[in-house]
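So that you can tell them apart, the chains are marked A, B, C, D and E in the order they are listed, and the count of residues begins at 1 in each.
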Amino acid sequence: QQKTLYVAGYGGSFEKTIRDEVIPTFEKENNVKVEYVAGNSTDTLAKLQAQKSNQQIDVAIVDDGPMYQAIQFGFCGKLDGLPTSDLYDTARFKDDRAVAIGIVATGLMYNTKVFAEKGWAPPTSWNDLKDTKYAKQLVIPPINNTYGLEALVMLSKMNGGGESNVDSGFKIFKDEINPNVLAYEPSPGKMTELFQSGQAVIAVWGTGRVQSFANTGFPVDFVYPKEGAATLLTTACPINKPNASPLASSFVKMLLDPKIQLVMLKDYGYGPVLKSLKVPPELGKMAPIGERAAKLYNPDWTAINDKREEWTKRWNREVER
Amino acid sequence: MSMAAEERSARAPWALTAPALMLFVGVLVIPLAMTVMLSFHDWGQYKGIEPVFILKNWREIATDPYYAEMFWRTFRIAILTTLLTALLGAPEAYILNRMSGRWKSFFLLVILGPLLISVVARTLGWALLFGGNNGLVNKLLMTLGVIRSPIPFMFTETGMVVALAHVMMPFMVLSVWAALQRLDPQIENAAMSLGAGPVTIIRRIIMPQIMPGVLSGAIIVFSLSASAFATPAIIGGRRLKVAATLAYDEFLNTLNWPLGAAVATLLLVALVLIVVGSNALIERRYAEVFR
Amino acid sequence: MAYLELDRVAKQFGAQTVVDDFSLAVGRGEFISFLGPSGCGKTTTLQMIAGFLDPTRGAIRLEDKDLTAIHPAKRGLGIVFQSYALFPHMTAAENVAFGLEMRNVPRNERAERVRAALAMVGLAGYEDRHPRRMSGGQQQRVALARALVIKPSVLLLDEPLSNLDAKLREEMQIELRQIQRTIGTTTILVTHDQNEAMSLSDRIVVMSQGKIEQIGTPQETYEKPASAFVSQFLGKTNDFAGTIDRTATPAQLVAGSWSAPAPAGLSGPVTVSIRPERIGFGNAGLNAKIVTRIFQGNHWLFQCESECGLAIVIRQNDGKPQPAEGEAVRLTWRPQDMSVRPRAGA
Amino acid sequence: MSRNGPLALIFHSVFVIVMVAPILVVCLVAFTPEGFLSLPTNGFSLRWFRAIAQYPEFIHAFWVSLGLGALSSFVALLFAVPAALAIARYRFRGRDALAALFLSPLMIPHVVLGIAFLRFFTSVGFGSSFAALIVAHVVIVFPFALRLTLAAASGMDLTVEMAAVSLGAGGWTLFRRVTLPLILPGVISGWALAFIQSFDDLTMTVFLAAPGTETLPVRMFLYIQDNIDPLVTSVSACVIAVTMTALILLDRFYGLDRVLAGKGDAGR
Amino acid sequence: MAYLELDRVAKQFGAQTVVDDFSLAVGRGEFISFLGPSGCGKTTTLQMIAGFLDPTRGAIRLEDKDLTAIHPAKRGLGIVFQSYALFPHMTAAENVAFGLEMRNVPRNERAERVRAALAMVGLAGYEDRHPRRMSGGQQQRVALARALVIKPSVLLLDEPLSNLDAKLREEMQIELRQIQRTIGTTTILVTHDQNEAMSLSDRIVVMSQGKIEQIGTPQETYEKPASAFVSQFLGKTNDFAGTIDRTATPAQLVAGSWSAPAPAGLSGPVTVSIRPERIGFGNAGLNAKIVTRIFQGNHWLFQCESECGLAIVIRQNDGKPQPAEGEAVRLTWRPQDMSVRPRAGA
């Protein structure tokens, strides 16, 4: 009976990939019209909240952080019939209210050309963020962005804290990293621009982003810090609403199709969420695949979500000043 | 020269404003009222928005000096931006107006230019000019030996003010320009014949007469700068938050809409008070020009 | 040496030449009036002297210095604009005070002079009023006060009294004359009021279509007009068709039933010009009938149908009985009051 | 009439250079052969202009923006001009409050407006439709139309209107033939600013744009989500080129100074 | 029945009453002039008749219908504003055509009438010019043409000729008179030019400080002024201090060396008022010396120092020799030309 399925997701090249690779097939197979509502994670989440009484969107594709919120607020419906055995554990959510469609590693990005010119060694550790030679040339996404949050968690963990206690992380950020930071920048576009204009040379970022940035020909590379990179997910969920269309679940599941997973790896640097997927070696130079994926640190989201509000407040007042 | 209309039926102004008023009540007042209501609701990380009536958000804003700092910065930037646009934009409008027809329209368009491209591309331009060591201007000045280290521009308040003034400039220039169209050139001649130099003419004769235009421009610029999001966010970055970026954060990142709504409501109320206050003040001061 | 000199000045607006070949030397302290039909270029000339318009050709010199080199603000002129050009955002007092402020006159003296100037133009009590709330004549007086209060060395007045009633106007004329005498202000007045021009001016410049027709004292221009235009333009003139009959002895000039010994030189068809105030009603002379009789206060204006066409007669309202409308009269004048020229087209 | 002195011209030049510089740089970058933002130091390339063709949604979005801007600024004028006349001419109770209300869209961060509108339109069943988008834009550009018309209308010589009335012009005719031409510079300037503001708005529109009605800024914003590349600059350059061409044509066939200054204003 | 009637009309601006208790009945086709000092409320009264200002008190009726109930646009008035109020965005022709368009006059007829109206005010060839590019007088004529072209049933003219030269002005006066006669337009003219008022008007309303001083025909107001104000305001008047000596037989009125049999009724100190044009130079009479002699075209104006103070004498410029400045003269007049009233303060 439903004629149109509204899928909300990232804009830009991701939208293009979905439009080219997923939607035509899906429309044909299910005899439905798919409208793609482009927007970044926070925009999509805001729309969900604004239209809570009368949801228009059927499927939402957002970052993991916002997805936890969406689940908490009850925006997500339940997914049935996931290929649970084939999915990495990290890719699954409580009650299957969402599922990861790609895995990204949070680590360090640096400008290889500048480093070479200055004779600097490539960074190897989270601790390199403290190096004073990067003064005002470091970019870190803020805490409301998963990259920033994970950087904080990693630094806490290395200094005797962890998800339950981030005091040490905050202290390091405040005293040692902050002077180096040019900007706490959540927007990927802005991040690339800061690199392109030469204002920044090193950053905390994810494999997917760095991969596509490097694809443009810009001299950047990704580093898995020796203390370990953190897992970050791109996720999707069907929206919870009266008379929700079963097609919403089908659409999410279609994103887990091996063929699509490979496309997203190729175009977008997303590590696949399927254990069974064979990755051709020429793909996935940076992406967390195989051994690299296994070594990723998976933050304890239950603990984090508990404290997140408080941390954000603290971050705004102590770090971003 | 007063007109009967001015004194006649008190209905006329209401008839004229009725359509706009209906539009505003219909589609702006209600959403805004909903937003104000929102600011009294509760919010929690897990429960989301709770439609109860509490003063939590307002109390937080009132007691936490963090917000005072944000608002103070917001208004500081808005005031500086307004001053800068008025100080540069009004003279420029005046100069433009004295050019011959063709040049006049040409430069008017040139000045409107910045508005035609998206804020993203515009701020990109600033980054290319002033961003770090590679900024064009910085590079040039450093090779010329004028400066030692790059001028800090990105992620500074100065940069924010300059970039905002740049975007807002057309609003000021155009407002003043529209007001200048009404001036009788003979009046300028009269002042000149009485011995007034160019500066005096501008200050004593032109300025008071174009006050409606400057006021319009200033109101637009001030309000827009105080509620601007993109430019402060991109040029200022997250460490130099202003009220709008704060509200943005609460709305989009934290999803704490009640708090964001409180910040926005406060900003709106403050702006309305400032604008209406200064408007009334200036209209009274220059009553004869506004008749 | 001329104080202010216009040397073959011309002004074009686009293709239209509105002032042409305008040369005039004004002595220091002289009072000059520009008279001419509407649109003949009076305001334009004044604006060039003031420096608000650049002459297309020619030079304007003040004390032998090229005026165009001096910025208008430095010329020390007092100007009354035809459109007043009051500062709408200032009160009457502020308008008048402006020029004094520019001259850094101390505050006390300034207030006193502004007060006096406004009182002089009959606007005491209107100090705090804004121009838009004043009547036309009041605005004009503010403009006058503004120009006079600075005691300028050159005054340019563009129809400064046109919106004042006769009484006030006369007071202002006396005021102007006084100022001009005591401060020695060189004054150029544009006016459409011939009485005003005549009673105030040392010399009158009669203009037509951008050109000077005649420069002379009031009496010269009125009584010895240099051209038909001037005689037509200043006051009223009757032109009668006459004939000089040189066969008679002595030679006779005949116009209708009026005749007189002919002046030397001319013969055949002529035009006889005679001012209406020089014509009297008598027992002999041109046969005429009074068509309208217009009361004009101190005089009567008669329009008569005469043998030689329409005739206008002015008679002082001396209280004696005047002929009524429809009455038959004889028009007569003294030969020395008329001027005779060959009849054009005859 | 006196012309600008040398100081004024120097000021003007510096002013124009500063105004233009950031945009000029952006336009220059559009010609880079590289895949990332850089000034075209080794050779010019039209690569990024060609790239636009591969994104038909940009072109579609341009038309959406154009239509939205033109429509909403025009509708805003329909409401704003009468209101401005009322506020300029009458001193009535509630005048200040009304003026403040009409200006309020300027004073609210657009994120807040976006969400407020989305909530509102959803609750009345409009969701994010094109109609909702237009209405929202009319509201946010209204202050521009109002303020500039107001500046032109206050202090206008009312005797001219009286003259028209005495000649039998009333109501609409009076407005169309006399009042409007006299305040035209303000109205046109107001329209221009309103149009541009609508054309440029991102933060609010993001929430209201539905599939198919994304505006150009929204498209560009989405495009640079992952990556800023010179396509942004080439699109900007095209927008400028298109606008300038339109204006130059307008100038050729109608005369910009006439549009902007009203007729008969040149001269003394 | 009066066509246009003002009934105890008053107007206040704030606390200031600028028109008060103004009652006037104008007949259809009548030509009325308002005369009065600058700022006395002439324009204000006109604006109330036009409907641009609402009277604070009183009523204005046209053909017994309350005018305030009729929208200004529907009153069918032709108005010339003191400040012209031309439409700056329209050419001269467009300005003039406007009223015709409002009346839906067909295009062809319109063009023809506009052309004729502009030609009538001497502006043929200026059709396509914008007001800002015209001279003051030209603008004023456009305003006049604009008001006249619609052949209004009521014409309100606020100093419509103030910026025209005498010649043109007279032509326009004739034009006005003509129109008023042929179309029967009821006209109210505000002017500061007494000659204009007198030659055009059926009746003159003399105002002072917002009040009517006198309503009457030109000759009535001039020769039988209802108050000292009117006699002072219209034309010039000499006031001499005199004494009536009832002890002499017959009783004598003496002013300096001038004397005549006293009129009945008065005695003791009196003021003798006499118009300057009624005074002659004679062999007996008031001793005086000529201080200034001002040439005024068709007449001379003498200012004399007499036994009884300053005296002004007007003599027609009839070409006969006139006394020179400094000359001693005797001033004389006929008893019936003077008016005598008790001397105030004596």
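Heads up, the rule we're going with is that a contact is a pair of C-beta atoms (placed from the backbone, for glycine too) under 8 Å apart; a residue touches a chain by one contact, two chains touch by 3 or more.
What you see is a predicted model; the values in this text were computed from it and never measured.
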item	value
Chain C reached from chain A - shortest hop count over touching chains	2
Which two chains share the largest set of C-beta contact pairs	B-D
Inter-centroid spacing, chain D versus chain B (mean Cα positions, whole Å)	15
Rounded Å distance between chain A and chain E, as computed from the means of their C-alpha atoms	90
Distance between chain centroids, defined by C-alpha means - chain A, chain B (Å)	36
Centroid distance [mean C-alpha coordinates] between chain C and chain B, Å	56
Per-residue multi-chain contacts in chain D, two or more chains	1-2, 37, 115, 119, 155, 157, 159, 162, 221, 224, 228, 262, 265, 268
Multi-chain contact residues (two or more partners), chain B	1-3, 120, 124, 128, 186, 192, 209, 251-252, 257, 289, 291
Of all residues in chain C, the ones touching two or more other chains	52, 72, 83, 88, 133
Residues on chain B engaged by chain C in the complex (per definition of touch)	1-2, 184, 186-187, 189-197, 200, 204-205, 208-209, 211, 286, 288-289, 291
For the chain D and chain A complex, residues of the former touching the latter	34-38, 115, 118-119, 122-123, 125, 127-128, 206-207, 210-212, 214, 218-219, 221-229
Chain E residues touching chain D - in the complex, by the definition given at the top	47, 50-52, 71-79, 81, 83, 85-91, 98-99, 102-103, 130-133, 143, 146-147, 150, 156
Chain C contact footprint on chain E (complex, rising order)	13, 35-39, 42-44, 82-83, 122, 133-138, 140-141, 158-159, 162-169, 192-195, 198-199, 218-219, 222, 232-236, 275-278, 280, 294-299, 301, 314-319, 334, 336-337
Residues on chain A engaged by chain D in the complex (per definition of touch)	6, 10-15, 35-40, 43, 46-47, 50-51, 53-54, 56, 187-190, 192-193, 196-197, 209, 212-213, 216-218
